[in-house]
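Got some structures for you, see below.
Heads up, the next two complexes both have chain A, just with different partners, chain B and then chain C.
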Partner chain A sequence: MARIELNNIAHSYIANPRSDADYALRKMDHIWEDGHAYALLGPSGCGKTTLLNIISGLVKPSEGKVLFDGKDVSALLPQERNIAQVFQFPVIYDTMTVFDNLAFPLRNRNVPAAEIQERVKEVSEMLELDNVLHKRAANLSADAKQKISLGRGLVRSDVAAILFDEPLTVIDPHLKLMLRRKLKQIHTRFKLTMVYVTHDQLEALTFADQVVVMNEGQVLQIGSPQELFESPQHTFVGYFIGSPGMNFIPCQMDNGNARIANLKIHVGASSKNLKGDFELGIRPEFLKLRKKQENDTLPVTISEVEDMGTSKIVTVNLADHTLKVKVEENREITFDEGFLEFPPEWIRIYADGDLVETGMEKSPDTLELTE
Partner chain B sequence: MAMVIENVTKLVGKDCHIQDISLQFEPGTFNILLGHTLSGKTSLMRLMAGLDRPTKGRILMNGKDLTGISVRKRDVAMVYQQFINYPSMTVYKNIASPLRLAKVAEKEIDHRVREVAEVLRIDALLDRFPNELSGGQQQRTAIARALVKDTELLLLDEPLVNLDYKLREELRIEMRDIFKRRQSIVVYATTEPLEALTLGGNTAVLYEGHLEQFGSTIDVYQSPQSTRIAQAFSDPAMNFVNGRIDSGTLRLGDTKPAPLQHHLQELAPGSYQFGMRPNHLHLQRTSPEDIEFQTTIDLAEISGSETYIHIIHNGHNWTVQQQGIHAYQMGKQIYAYIDPTQLYVFDLDGHRVVSPEHDSAELT
Partner chain C sequence: MNKWEDNKAWFMVIPVFLVVAISAIIPLMTVVNYSLQDIFGPNQRVFVGLEWYKDALTDPRLHAALKRQLMFSSLVLLIEIPLGILIALMMPKKGWGASLSLVLVALPLLIPWNVIGTIWIIFMRPDIGLLGAAINGFGIPFDHTASGLDAWITVMMMEVWHWTPLVVLLAYAGLQAIQEAYFQAARIDGASGWAIFRYIQLPKLRGVLTIAVLLRFMDSFLIYAEPFVLTGGGPGNSTTFLSIYLVKLAVGQFDLGPAAAFSIIYFLIALLFCWLFYQVLLKIGTGDKS
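Take a look at the complex of A and B:
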């Protein structure tokens, strides 16, 4: 397994790109650490597949270099890069048995027969293909064929990285869970460097220890699922991760408070130096809706209550702005006007889309407590 | 005046696609057909549209028998999973096409096309061709074409399934708001419980061609008549455990006996199946009455704002749904807890005995 370094990479499918919009992938620098599982997540057209293809060598970037363990591989073809790839649709030899399909990448590299036996056995057991090893691949179901594809990707122990491009798309929903679990187990056990492209939030966040969120050719945040949820670095990440997404309200910052119309929300001492126009972000899960006014609550009118079964989503208006609040399933909302509490530790402040301040978390008081 | 489906059966060769279904839909209502793939949702819609003819039974609209009448002569529009538009026509002409066929005056066509395009937020794209649009915009165009003619019946067959989740989330809410203002009978097929809950209205649960339950969406969710319905209408799936009631105590599997309370008090002694919703299973004790299970963590799956922890208890695979993102280690031993007031009770054949009371506490 290898450490993969992207050095000032950018890519445009147009010959002479002029503006940012001409780039499928805007300039980026990133190191994919050895043994980690990464997922590339974003809406269609965000550049995630371009990025994966640059790592694999299917696309030669118009700018920058790709290094594997410090060695420049930019000019190398995919087959010269020592990587394994799994695609959306099964890539297997129909006329071969399952065993021969799994053994193929090893035989190609003259791996000794005894080692082939051992690796194929291990991978086939992991993917529950061991009872069909001697069947011809042609006669198997679509799910089983895709499992063979996964197996072929996983069978070599000496690859620099395994790249997955939406590998579970053709898999039946109830089998998806089983395969997500397998991939997670395989990663935990073998510590392979894995890069996984998907537009499925559940797949990306479950699979990866680091998720790369992309939009319009730009990497907006690389972080753990928890970081993406709790501290989105960009308003797009807040919107894209989570259902419903994060609430954003334009505000003026002044002396540690966010002003929205004539209302004031206490953000925390650490935001004291912020002055002027910003956006305040807070997730629906962290807002607290109350019937009675308390300290630090703001008046809202309730425009809609949706019962989602496991919770209720309440739409409220705060000084002409609409916010969503998640409330427990067994809470009855019998009033039209209520009060909203913004817990300061969950308030995030954004300028031009970028995170500039994370509520009270970083305030001096809290830091002292944790030290 | 309503649409009535009367003892409708559809056989295709020896296969029974629809088995003796009776349903009534009122004008201005939103109705969901919920069920797994092949449960009969599309078959039922095709019968309602007049694309197929029932083997037995009748379909009536406003008291008039429509059974043998072809789709062309019916007042119906349909949206499919695939984004179906005329590739050689602009968005404008695509949306206008049903009105042109109906020989509506040009001025009226223009007014209605622009109005519906604005509602679906494709008014800036009217001069484009379908292949110049994203998937979401293509499906908005197909929906606009279905909406432009005020048909008395509007059928949508999993219209959002091919879109990515964020777009799905937005379009669901938009569609719900658009349909609220219409007098049509809207019928919407989906496999996703969350989609049914977001859209609201009424839900008919289908299973292998049978109608299992029909009622207001939230009532069906809160009081499923069978384990099958509970399964179809729970995402993640409901967790089940067998248990016994004996002389005033409850035992779930091999847990310690617990006193009978609340909705369980009237239950006769005997064996039952108990259902637990994933969001009611907790990994910390929440009340002294909680029943405790010893479990092993299998995998923690993470959606954007929730964590689904798959756990194993005596060979049963269960799921715990938690708000927020939390990390768990595979293979770790952990206790899971259920508050007995949240138990769904079914007999051993899977029929509902009693559901949790839904006494809501007012927000303070």
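Take a look at the complex of A and C:
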């Protein structure tokens, strides 16, 4: 078990980085608390795998330090760091049996045979690999192979953290769910620190207590799934998380109101001192579509209704802007012109991509996601 | 159902059939035809049935040549395959070093076989050859035209020098194809360099090594140019491998019937060994222990 601390970490694959763009990972500080499950979420090429490899020691950061439980491990090799890593595609030793595969990390560390036997038995039972222990690993299915690579991390009693690099990419959808549940189980049982890299928001949000959203080598927000959903700190987070993503409309702020063309949206008293050009963001889930005009509603035209199975996504035009609204599955949209309500508590105001105003009375930090 | 419509694809295959028939099957059938006759002259032939096959199979000179041949091919595989893998492992994986070493390694493959013969004859000459004279200079008598062992060593060196690069190129390509994650996982698992080779690199090379073994076996089993250029199969019969013996029989003595029967047997032996190798190499690593 370990608390992993990243101290002013930055990494560039270029020898002499000049601008921010030369960095695969821009300067960051973060502490991965012992026993928590984290997800690193971001599009391909955003630096999340680089960050993961820095923790595991496969990549030596160009700047900064990595500390495990306060001890500097920056100079240590991966095998000296007590971490395990599961890769995107299953890495198994083809010529070995499942048993030998699981025993391999222990044998390399000269663990006595009796203990190997015991550890492998325990781990294989938990991963439901005990009935194929003496089969050749190469002949198994992709999900079983991925369990083997996970098992090679779990057998080591000294393992402090398990790192996952998009481990479910090659797994069939119906097995993904089972494997994800298995990971959760393992996490609650062993209380290991887990860091999980993915570009799939659903995976990240269901797996982790804390999600780290990255883009272009930068950490944009670290928070619980609920925080990411309700208060994206950056327009990218709002856009990337949620399906469909957050709506963003350019607006002018004036005296607590957002102006879009000749329309006015009331944001709240706390935004009174904002003036000038901003972006207004609101989740499709929080917009309310009405048939008749009420207080604080704006006229919209409906251009498309998509049935998603569990809900409907309505595309509406407000002035020159397109917005998505999520409505209940059983609601029939029979009108072409409607009115949109913007609940002030869900309006977020952004300047240059960064959140400047939440419009909410409570601080989002006090919210905790309970399952 | 209109069968004609369905079978149009056969027309596409016909050209290939024709080429194979003309280039391989018809000449082979001619050889089969020869092998069943005693030929005295252009129009004087007697059908002798399997007589030549019986002769060939009981010919002690053929047995000796076959033994020599098997010995030679085994040595070639035992030296070239491990050496090829070793060199491939030592070559740089990227950068200018990779390109340079590839070019250097591939050089022997680009030289025509008769030039190779000449190079080595001069190189090994006991009086003026760079290596030959050097060995003699150390007080070790070395002369490939006088000693059977020396001739063997020379042919073996030619073969290894000429063809190990092929094994290197195949093994190198195979090694390059292994995904980085395997090495990363092995490092995390604390595997030693030997364990990485034994459990990752070697198993992943199985495919290319199968091809390398097959190619090198076939090629060395049919070796002709090197001993022919060097000593013509001598001194004595020490480097008379199967093909040298066959040519002596067919061209030297003009015994077309026996030579044809012999070629068929030769062909079948080569085929048998290739099949055996192929089967064995396919089995390695795929069988289930349970």
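Odds and ends about this structure:
Assume the second predicted complex is superposed on the first by the 347 of 371 C-alpha atoms of A that agree within 3 Å, B and C clash if a C-alpha of one lies under 4 Å from a C-alpha of the other, contacts with A are read in each partner's own complex, and residues count from 1 in each chain.
Note that in this section a residue touches a chain if its C-beta (ideal position, glycine included) is under 8 Å from a C-beta of that chain, and two chains touch if they have at least 3 such contacts.
In this text the structure is predicted, and so the values were computed from the model without any measurement.
Using the contact criterion defined above for the overlaid structures, shared-chain residue A:I14 touches neither chain B nor chain C, since it reaches no partner. Note on chain A: of its two partners chain C and chain B, the one contacting more of its residues is B.
Legend: residue contacts after superposition of the two complexes on their common chain; A:F87 is shown touching chain C, with no touch to chain B. Contacts of A:S149 after superposition: chain C is touched, whereas chain B is not reached.
Once the two complexes are overlaid on the shared chain, A:N139 sits against chain C while remaining clear of chain B.
In the superposition on chain A, A:A319 makes contact with neither chain B nor chain C. When the two structures are aligned on the shared chain, A:L202 is found in touch with chain B, with no touch to chain C. Against chain B, in their complex, chain A makes its touches with residues 43-45, 177, 180-181, 184-185, 188, 199-202, 205-206, 224-226, 228-230, 239-245, 283, 285, 289-292, 306-311, 326-327, 329-335, 338. The touching residues of chain C, when paired with chain A in their complex, are 179, 181-182, 184-185, 187-192, 195, 199-200, 203-204, 285-290.
Interface residues of chain B, counted against chain A in their complex, comprise 134-135, 164-167, 169, 193-194, 197-198, 200, 218, 221, 277-279, 298-305, 310, 321, 323-327, 330, 358-364.
For chain A in complex with chain C, the touching residues are 53, 56, 58, 77-79, 83-85, 87-89, 91, 93-97, 104-105, 108-109, 134-136, 138-139, 149, 152-153.
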